[in-house]
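Two complexes come next, and they have one chain in common, chain A, joined by chain B in the first and chain C in the second.
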Partner chain A sequence: MNPNDLDFDLLLTPGAWTALWPMITIALGLMMLLAAEVVSSLRPFRSIFFLATLGVAALFELRILAGPESLTDTGGIVLGGALVADATSAVWGLIFLIGTALAFSYSTAYYSGSEARYKDEHDILMLTCPLGMMMMAGAQDLVVFFLGLELLSIPLYILAAYKRSDSKSVEAGLKYFLLGAFSSALFVYGSALLYAELGSVSFGGAAAALAENEMGSLAMTGVGLIVASILFKISVFPFHVWVPDVYQGSPTPVTALMATGTKAAAIAFLLNAFFLLPSSAANLIAVLGIVTMAAGYFGALVQDDLKRMLAYSGIASAGTVILVIAGALANPESLDAARTAALYYIGAYVFTITGAFGLIALFERDGQRFTRLTSLAGLATKRPAMAAAMTIFVLSLGGIPATGGFLGKWFVFSVLVNANMIGFAVIGAVLSVIALAFYLRIVITMWMLPADEAHPIPGADRPLIAGVATAVCVAGVILTGILPGLFI
Partner chain B sequence: MFLTALTFLPLLGALAIALLPSADEKKQRIVALATTIVVALLGVVLFAGFDGSSASLQYIVDSAWFALPGAASIPIQFSLGVDGISVLMAVLTALLMPIVILSTWGHIDKRVKEFMIWMLVMETGMLGVFLATDLMLFYFFWEISLVPLYFIVGIWGGERRLYATVKFFLFTLAGSLVMLVGVIWLIYQSKTSNIAELSDFAAALSGTTQGWMFGAFTLAFAIKVPLLPFHTWLADAHTEAPTSGSVVLAGVLLKMGTYGLLRFGIGMFPEAAVTWAPLFMGLGAIGIVYGAFLAMAQTDIKRLIACSSVSHLGYVVLGMFALTQAGLRGSILQMVNHGLSTGMLFLLIGMIYERRHTRAIDQFGGIAASMPMFAMFFVFAVLSSVGLPGLNGFVGEYMILLGSFQASPFWASLAVLGVIFGAVYLLSATRRVLFGPLIHEANAKLTDMVPREIGMCIPIILVSVWIGVAPNTCLGKLDGSIDQLVDRLDGARVALELSNREQEPKLALQLAPKKGQAR
Partner chain C sequence: MEQFLFFLLSLSAIAFAVGVVVVKSPMKSVLSLLGSFVALAMIYLLIGFQFLAAAQLLVYAGAIMVLFLFVVMLLNLSDVNAVFDAPIRVLGQKRIAIAASAAALIGMIALFAGGSVQASESVGAIPAEGYDQIEYLGALIFSRYMIPFQASALLLLATMIGVLVLAKRRRDSASDVNSEEPAQ
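So, the complex of A and B:
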């Protein structure tokens, strides 16, 4: 499109405004936070600004979810085919907002000393993340997606290295940055190749070009590079090796955001850009998913650091959720079911993993940031409520019924089974047994081992906001587990 | 509503206990006991009100739960109901639980609150398994009921409790997850999750498909029972579990496996069941003898009873897969009997363990002199377990042997040998524990059973004698359901016969040219 032809009145339809309001809200909230940094009388209200911004953005997402006419007329596609705002993208948006709110709640009391002094920077960077995620999940155009990707990734690089005095955190930031930059480069290169052949970077244009001609080798290479870069972000085998170090080194609330948001936004993109994937890739992706699950679960078995364990568990979850793409490729009719499955899996996952990382953040807060598995020993007798919450999260990760994790797993497997990929479903199911073997280690440590007297569990008072966040996570896990009707 | 109350009352009790202060152990115990007693009374009402002559579900609860997303949205119902098979299991569960809770007075003295919560959660899970009439709901309860026992063994168990509990959890979960894939396939193929509708759908599937589904389901149940190659987790779990955990495990949890085999393995896939019945009868019969040999070699009395469980459940499976009227009825009755007699044996062993802190058989001997009351109850439990006529065990075993002889004289004969072996190891263990000279001084001063302990055993004895003398009270509840099941099996046999006949000429044709080539 020639820049001179741009007619803003045509682009900014009422629907476009509806679609943009959640993002505009966040942008405004960011400015408020910046202002609060300068005006000292506003400083005490930073947390309220932060959460209120997310809340208002959530209301705008709910308006999109209700499906106003201005949007449904165009199938949710707005801004000349750059962005989609439909029920799916609205639910993704809500997931991002909840995830960010929870991660932020845990971050309020996490930092101490000099780290706490720069907390405003931290908050601003953290609030930028959902903006990037929303753009990624709504993108109907490779360039828009890339903007979102960078808007998410760059703050995360900084946040990962936020604990400047901690060499592990700096290492995490550097690793994440180098590998992230590499994956971004792959994405841009892939987009260029795709553009070279199809003459468009928007999904609409690409789909139209593909309707006329078969996909050539140039575009195919482009798609391959794009998918590889996305798999990097989701942490699917063989692009998963950076995860344990980065998750372990980053500040724990940031890890929680990383583990949910990036993964969710990238999966949302894959489902949007589904038409680019050749259906012959179904088996390949299924194999990748299964191998990723195996790599995650077997890797987790030998860890004794909680954050690393959860990092490997996150890898396995990535492998699980990618299976819906395989199922949808093998059986295109099930694309909608695959979308629901991915949304449900990740929706439940946000509550689960944020809660788990959040509780770890609470432990770390007291004294020497110990995150070893053994530091949980005897938790059940000392802090039964915390142990119970952690157990619920762990059981949800393991996919035991009455938790959201079970239904998420059910929906993912059902996509596979309906695509007649029963073999993969059975292997996935058997791998879940290995998963339980290591999730049970966490439960055993908390409930069945005596407390380690050398490293007593600190009894410091908990900040109220973290308690509320934990309660929300537990409620979320249970409700997604027993009343799925509320969410589907 | 009645069944909803029955199922979730224990969960409510658990919540109530969770709200009590953790120091007030007495109140926690009382709430737990009161809850289970109310549930037991409801169970008796259920039993009395159930009409055994009808095959249809009774006391139905049915309300919408949610719909599975997808092109055809499949409704998942929250539906409970009882038929002849589940009513006995549910009532057994409800009746055993107060006894189990009462037994914890003797051996649970740390973290009482958590223990009571887990026990009550487990009761909800077990009742849910037996009462669910929606497949997804069943699976929910099925997996949930794993968790409480995991904690019970893991926290309050013996020395090797962690090994035992993880083994138990992973073994049973492995089977369950394979079943999960089967469950998903079945629900999406049939577009329903109602077990009755699913059974009709599944019974009409082709033989091969039924075979696969039968395999996926029965693997989970066979591990739970446990059938022969999967039995290794049981001895460990039983040995390490606290007394109350063992009673629940033997009394009810194992029955979930046999119940599943009957309800799903046989009820849903009758053709596959007919095809594979010889295998299961064989595994059952070998399990009887093998379990008996295992039991003979044990030096730990609790492990001995655990191995005898393998043997006794072999009868249940043998009779069930005889697929005859007598076999099926006998096996269901035997599930109840095993729950009563083995449950009581575990209770009694728990009592001497609490007094002597050992379970090694050679540490006892002659304790009949110091504990006459105990000796009487123990002998009763053993006789009920070996099947003395006039007690419950005899009726079940007799019907099973009768039924399986019709189906396979060979395996039935082997099982008869098992009866003899059973008498050998149980009676000799009784002799070594109770009678003979008092070798160990510590045994001379043992206090006899206290009223609480006697009170725990009396109800079991009453029910055992009642079943032994008037088995029709229980068997009568089975009439309608078993008749329907046998009809279904007859239909499957006819269908199999027909399809075999169709295949035979084809086979002959295929074989003929090959012979020609050979020349």
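So, the complex of A and C:
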């Protein structure tokens, strides 16, 4: 390597600054939150600090999205090929920031007792997550990705176990930590094997090495291990068994972040590292996607806990979204379409699933666990607005037209159709229709069943911020459903 | 000479690693893990990676092993032995684990022995002209790998906060229980 490549000043171009500002903002926000914990006069402004940090970071992402010349000159690649900052990564960044802001809004009043006393630390850990996600989505280097992955995962392990007094939450944290650590180890091992053959952990270096030689069995093993660890993070069959327990046990706002963020960032990475995947894997990935969808939907049919139901629905969504990878592998020209489809699907999904989990978080306040399906009975008469919002989210998950969920699925399946994988697209669509059965079960419970007088729906003091977040989610779901032109 | 040393060190590393699993006493197990780490550090020295060798000794043999030793010593050793002696019947986990490890080992040996594997020439690259190894590493950390470097700082911060939150709370809930006990 040329020593000049390692010159700090040469690498830190104006473009690199532009690319780094969103991350720097979040890091500074973290420090500010830490300081606000110590300085008592700043404590009331903690939520504002949190949301303002995300807002400023979003502005910097918008600047990247506008495509300044300093970035477009190099194709968005900065820091000697460690990071990419282009329109795609900027939109991913915005999705992460929105998802974190929504999850945070629902968490403000969620905790009670000793958990509420540790809310400051909770916020700091939660703010670390989008930083990790941005690193994952922008990584052009396996080292950068791995640090991003850990920066997202380790706070999530801790947050999953945040309700220390609740054995389910501790179980969730422990399961997530053990399995997550194992999958991280797989990733590192895979990277080492890849490095041994290709001589580089950066995508640029690996692509150059692959241009000269075919990929050998050592690198292939490495890619297999890396993909396995990513599929674990996205919760694709056969790496999905941890999801229901972890999603059910974790504090609900954390579940919302977990369900959207990890999935989105890992998919973004797979689309970036696309060139490493052999095109013969298209059918394998498509089959995995379809089996995952089936496992998710049929698993959800027999659940009667809402969080478990949504967890299985999350597994099914993971199966749906990795279909774009299969489509892009079969037809490399459709890579851009696949990116758009994944962005659209996840973008709509963030609003949908965060809203749904957020509403559940509102139900289960005061330490009571109103997460059974039956506890929703009669919601429509008691709280029509909440029931209506929940209905919209559930219909979007089910893929009813005029919601974001429908268009997301539509884009994903059209990628498959363009890749001549019509069979898979048809099976996927049929599975989605079957899935409507359990989504409609939620709707029927809310609107048609009489309220259970023994377990009244709790909590009249809904915080304003959660109401705003719900409104944003509803608006997001509907806008992505009827005005796709706004976003593409 | 180098070859001889390499085989000696790698054989002892493997022997110590086997010892970790086979030895009954947790204390001896930890100590043989230490032996394995040291042998590995020697191998790093042998191929000219002084920094890696030093880091291996400082971080693994130093910090992590001390932590392991503390944990093992603080645990009730007779209880630990009971756990080790208990037959693991659940799904024949032991057998599955042995079979899976053996399969992975055979696979790796087949990969390397089959000659289909060729390590890239740039692996173990010598630093560019005029660069000392550690200087080169430092230059890499503060230029190309600046983001991972900074991120690992934040990662440590987050981990520290997390440990405090999870560990401190336990004492809180314990004192809660204590204060409730008289009432019962």
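The criterion applied here is as follows: the second predicted complex is superposed on the first by the 480 of 488 C-alpha atoms of A that agree within 3 Å, B and C clash if a C-alpha of one lies under 4 Å from a C-alpha of the other, contacts with A are read in each partner's own complex, and residues count from 1 in each chain.
Convention: a residue touches a chain if its C-beta (ideal position, glycine included) is under 8 Å from a C-beta of that chain, and two chains touch if they have at least 3 such contacts.
As the structure is a prediction and not an experimental result, all values here were calculated from the model.
Participant: What does the overlay on chain A give for chain B and chain C, a clash or a fit?
Facilitator: With chain A aligned, chain B clears chain C, so fit.
Participant: Please compute the chain B to chain A to chain C angle from C-alpha centroids in the superposed arrangement, rounded to the nearest 10 degrees.
Facilitator: Spelled out: centre of chain A as vertex, angle of 150 degrees.
Participant: Which holds for A:Thr445: it touches chain B only (first), chain C only (second), both, or neither?
Facilitator: A:Thr445 contacts neither chain B nor chain C.
Participant: According to the stated criteria, A:Ser317 is in contact with first (chain B), second (chain C), both, or neither; which is it?
Facilitator: In the superposition, A:Ser317 touches no partner, neither chain B nor chain C.
Participant: Return the chain, chain B or chain C, that is in touch with more residues of chain A.
Facilitator: C
Participant: Is A:Ser432 touching the first partner chain B, the second partner chain C, both, or neither of them?
Facilitator: Touch status of A:Ser432: first partner only.
Participant: Considering only touches as defined above, state whether A:Ser107 meets chain B (first), chain C (second), both or neither.
Facilitator: Neither partner.
Participant: Between chain B and chain C, whom does A:Leu151 touch in the aligned arrangement: first, second, both, or neither?
Facilitator: second
Participant: Would you sort A:Ile422 into first (chain B), second (chain C), both or neither based on which partner it touches?
Facilitator: first
Participant: For A:Ala161, is the partner it touches chain B (first), chain C (second), both, or none of the two (neither)?
Facilitator: second
Participant: Between chain B (first) and chain C (second), which does A:Leu483 come into contact with in this model arrangement: first, second, both, or neither?
Facilitator: first
Participant: Is A:Tyr118 touching anything from chain B or chain C once the two structures are fitted on A? First, second, both or neither.
Facilitator: second
Participant: Please work out how little space separates the C-alpha atoms of chain B and chain C at their nearest point after superposition, in whole Å.
Facilitator: Once the two complexes are overlaid, chain B and chain C approach no closer than 33 Å between C-alpha atoms.
Participant: Could you tell me which stretches of chain A are touched by chain B in one complex and by chain C in the other?
Facilitator: Of chain A, no residue contacts chain B in one complex and chain C in the other.
Participant: Along chain A, where are the residues that touch chain C in the complex?
Facilitator: 1-3, 5-8, 11, 20, 23, 27, 30, 79-83, 114, 118, 121-122, 124-125, 128, 131-132, 135, 143-144, 146-148, 150-151, 154-155, 157-158, 161-162, 164-165, 195-200, 209, 216-218, 221
Participant: Which positions of chain B touch chain A when the two form their complex?
Facilitator: 22, 64-71, 111, 114, 139-141, 143-144, 146-147, 150-151, 154-155, 161-162, 166, 169-170, 173-174, 177-178, 180-181, 184-185, 188
Participant: Would you tell me which residues of chain C are touching chain A in their complex?
Facilitator: Residues in contact with chain A: 111, 114, 116-123, 125, 128-131, 136, 139-140, 142-148, 150-152, 154-155, 157-159, 161-162, 164-166, 169-170, 172-173, 176.
Participant: Show me the residue ranges of chain A that touch chain B in the complex, using the header's touch definition.
Facilitator: Spelled out, the residues of chain A in touch with chain B are 333-334, 336-337, 340-341, 380-381, 384, 395, 400-402, 406, 410-411, 413-414, 417-418, 422, 425-426, 429-430, 432-433, 436-437, 440, 443-444, 447-448, 483-485, 488.
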